[in-house]
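Going in written order, the chains are labelled A, B and C, and every chain counts its residues from 1.
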Amino acid sequence: MKLSIKWVVTLLITIFSIYLVFAFNDEGPLRILFNLLTFAGIYGLAAIGLNVHFGLTGLLNFGHASFMGVGAYVTLLLIPHAAGREGEITESGFPFLLALLIGVISASLFGLLLGLPAIRLRGDYLAIVTIAAAEIFRLLVRDLESITGGVYGIINFSDSLQKYRPLFLENFVSKYELNPSQVWVGLLSWISILFVLLILRRLSNSPWGRALRAVREDEDAVRALGKNAVWLKLQSFMLGAGIAGLAGVFLAFNYGSLQTTTFVPLLTFYVWAIMILGGVGSLTGPIFGSIIFWVIISETDKLASLIFENANGQQLAGVRFVLVGLLIMVLMIFRPSGLLGKKEELLLNVK
Amino acid sequence: MIDQLGNGLLLGIIISVASVALSLLYGVTRIVNFAHGEIIALGAIITLFLSGPIDSKVLFLERFSPLGKSFVFSAIIAVILCGVFGGLLELLLFRPLRKAEVGNIAVLVVTIGLSIFIRHLYLLFATGRVQNFPLDLERRETYLFFEMTPRNFKVLIAGLVVMITIGLFLTFTRIGKAMRAVRDSGELASVSGINSDNIILFTWISSSMLAGLAGIFQAIINDVRYNMGFLILLLIFAGTVLGGIGTSFGAMVGGLLIGIFVQVSVALPFMEGHTEAKNAVALAIMILILLFRPQGIFGQKERIS
Amino acid sequence: MSNSLIRVHNLKKSFGGVKAVDIDDLNFESKELTSIIGPNGAGKTTLFDLISGFQDEDNGEIFYKDKNITKSQPYKIARLGMVRTFQLTKVFDRMTVLENLMFAGSNISNDSLLQSIMQLSKQKKYEDSLKEEAIKVMTDLNIEQMSSSYARELSGGQKKLLELGRSIIKKPDVLLLDEPLAGVNPKLAEDLLEIIQNLSNQGITILMVEHNIEAVMKISERVVVLAEGALIADGPPQEVRENQKVIEAYLGTGDE
C-alpha cells in the first residue's frame, strides 16, 4: 500500500471527521464512535458489493437495496421470528449460520434471476430495469403479508444472532455503557468486510478480475476474443448481490426489526453516494466513504434542525437527502474518482 | 372494469404527456433524465404556490397564501417557469457537461443525484403533506363509457389536444424537423447547418414545459405531493419503452396503454387484495418488452445491448 | 476434395430496405490470404460481422470447419479459432498493454471465478507462461516498451498493433482483419503488412478488408470485390485489378 497523496488526504479527512463527531457531541463519545462504526460496517459492506458491480464491471445497478432485502428476508424467515399483524410466531428454524448462508446464496440467486434477462442491456436500460425490479420486490414484500409480515414487519429474531455474543464483548460493553447488540453486529460486519476484501483483493489481480475489467472496457472485443461476456457479467452480478445480501442481514439485525420501509430506493442511493465518495473501483474506498458519509449526514441533521426550526422530522430527514443528492452530483462532476479511486480508471468518457 | 378504463385513460394521459416529454429529451440528447419526475412535480408545486395556500412551515410560505391568481393563470405561469427551469438546467449543468465530454453513464448518475436533491428540497419547502389545488369538488358524470368529473374530462381532452399538437409540430414545422434530424443523426445534423446546441436548448425547454403540464394534470386528477414525480417515473419509463424508445408517437401510445393496463389490472382476479401492486404490472410489462421486443411497438431496432 | 474452411451460402442482410449484403456463394480456403475490397458501403464490414456472429443475417447460412455457425454467438465462433479485429480499434483503454494481451491469451478455465479465488500454484504457473507469451508477441510487434502503459496512451498505429497482437496470442486458425492499415502511417503500414504476410506464411487463414489497394495487391493471393452488397469479382489480384466492373464500381455512381 503506497502512501500516496490520496491516501494521506483520505486518512486526514477521516480522522478529522471523526474528531468533528466527538467535538460536537457531548453524548458519550465512545457510544457515538460505535454508532459510526456499526453504520460504516454495514453500509461499507453494501457499498463494496455495489463496487463489484459498478467499479469492477461497469454495471449500472440501481436496485441494490433489493439484494440486501432478499438476503435479510430469507435469512430472517428461516430463523425463529414473529411476523405480521398478529405477531404470528415461528418458533423453529435453522441454525443461524445455515440460515445466513442460505440468505446470502438467495441474494446471489436473485442477482442471477435479475441478471439473466437484464445483463445484456445497455447501461441506461439496465439502470431502469434494476430500479423496476427493486420496486417490484418492494411491492411484493409489502403485499405477501402472510410470509413477510407485510407492513407490520418481522420482529423478535435478534436472539438467533445475539446468543453468540462472546463474553469479552459483554464486559467491554458494560464498562462503557454501549449497546451490546449493536456492537456485536458492528463487529461481525467489520469481520465480514475484512474477509470479503481479502477475497476481492485476490480477485481483482486475478485472471477473473482482469476478464471483468476487459468486459467493462469493451464487450465486443471480449466476445471477439472468445470469452462469454454475458456469463462474466452475471458472475460479477451474483457476487456483488451476495455481498449485498450479507450487508442486508446485518442491517436488519442492527434495527432489530424488519420493516417494508427498510429496503427502499433511498437505501440504494445512500450506498451509491458512499461508493462514489469512497472512490469507484477502489477496494477500501467504501470503508472511508461510509465513515465520512455518516459524519456528513449526522452533522447535517443537527445543522438542519438548527436552521429549519419549524420543520418536522420528515423534513429534517429530507435535508439529509438533499445532501445525498448534492453529494452524488458534485462528486460525479468534479471528483468522480472520489477519495481513493484511480484517476486513470475514470468512467468519464465511457459513452 | 369499465370504471377502471376511465381511470386508466386519466392516468394514461398524464403518463403520455410526460413520456413524450422524456422521449423528446432522450431522442435529442441521449440522456435518460431521472430528474424528469421532479420537473413534473415542479409544475404542480408552482401552480399550487401561485394559486392557493401552500402548507409549508419552512420559509413561512403560508404567509404568501393565496396570491389570488386564478388557477388557469397560475398553471400557465407554472408551465412557463418549468420551461425556464429546464432551460437553466441545460445551460448551467448539462451543456457544460456535454462540452466537457462527460460520458453518458456519468451524466445519468448526475441526473439521479439531481432528482434526489430536488425532490428533497421540495419536501423541505413544500412539506410531505398531500395538498390539493384550490378547486371545487365535482361530481362524476358519464362520458361515453366512462365516468369521471367534468374537470378530469377536460384534462383528458386537453391532453389529447396537446399530443396532437406536438405530433403536428414535429412533423411540419422547421424546428420540429430539426429536432428529428438531431435525434436521428446528431453529427450529420450539425454538418447540415442545424445548430444542435440551440435545438438541444429548445428541447429542454419544451420538454420541461410538457413535463410541468403533465404534473399539473396529475395534480388535478390526484393531488400534489413532493414525490409525485418520482412515483410515476417508472411508469413513464414503462410507457416510453412500451411505445418505442426514440419515437414520440410511440411514447404517446405507450403512455396511454400503460395507464390503462395499470388501472385495469386492478380488476383482474389475481390482483384481488393487492391493488397497490398494480404498478408492478406495468413494470413487469416493461421488463418483458425489454427482453423480447426492445424496440417496443413503434420503435426501430436500436442497439440496446 | 474436402470442403472449404469457410462457406457462405445465400447470405442476405438489409438495413431498413437497403441491401447491405447479398451473396449467393462465397468460399474461403484454408491458409489463403484473401483481401476483400470495394467502395464504401459495399457491405464488407457487414460481411465480417455476419461471419463472425456480430450481426444476424436475414437469410442464408455460414459454415466454418463444416459446422453451421449461422446462428452461433460471436464468442463461440471465436473459440472455434476464428478471431476478428475491428475497424475502430477496440483496445481495453484502462488496462495495460500486457494485461490486454494476457487477457486475450488466457483460456476460459484459467479465468474462472473459483480458480481465481483459490489461486493454486497451477494458475500461477499458467500466468507466468502466459506472460512470457505476451512478451514474445509484444516483442515481435515491436511494442514491448509499452508493456506497462495503459492502452489508451498508445498511438493509433500502436493500438492497431495491440489489437493484432491480441488476436495472434490466441493462435487462431482464421483471422478476420477489418481495415488493419486504416489511418496508419506508411512506415508502420509496411511493418504491419510484413507481419500479416508472416502470419499467412505460418498457415493462418487471413481475410482482410482493406482500402489500401497497393497493400492489397502486394500481399493478397486472392481478391474479392464487393459492391452494394454483391460479389462483382473474385480472383488473383492482377485479374481483379483489370476487371472492368471493378473499375466502374470504384469510379462509380457518386451516390454514397
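Keep in mind that, in the parts below, a residue touches a chain if its C-beta (ideal position, glycine included) is under 8 Å from a C-beta of that chain, and two chains touch if they have at least 3 such contacts.
Please read all numbers here as calculations on a predicted model, not as lab measurements.
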item	value
Shortest chain-hopping distance from subunit B out to subunit C	2
Innermost chain, taking as reference the mean of every protein Cα atom displayed	A
Which of A-B and A-C has more C-beta pairs touching across its chains	A-B
Geometric centre distance via CA averages, subunit C-subunit B, whole Å	46
Rounded Å distance between subunit A and subunit B, as computed from the means of their C-alpha atoms	31
Whole-Å gap separating subunit A and subunit C, where each centre is the average of the chain's CA atoms	43
Contact footprint of subunit C on subunit A as seen in their complex	199, 202-203, 206-211, 213-214, 216-218, 220-229, 232, 235, 239, 344-345
Parts of subunit A lying in touch with subunit B, wherever the complex brings them together	58, 60, 62, 117-118, 120-125, 127-129, 131-133, 135-136, 139-140, 142-143, 269, 272-273, 276, 308, 310-312, 314-315, 318-322, 324-329, 332-333, 336, 347-351
Touching residues (chain side subunit C, partner subunit A) in the complex	52, 54, 73-75, 78-79, 83-86, 90-95, 99-100, 102-104, 106, 108, 110-113, 115-117, 119, 123, 127, 150, 163, 166-167, 170
Residues of subunit B touching subunit A in the complex	32, 57-58, 60, 97, 101-106, 108-110, 112-121, 123-124, 127-128, 226, 234, 237-238, 241, 274, 276-277, 279-280, 283-284, 286-287, 290-291, 294, 303-305
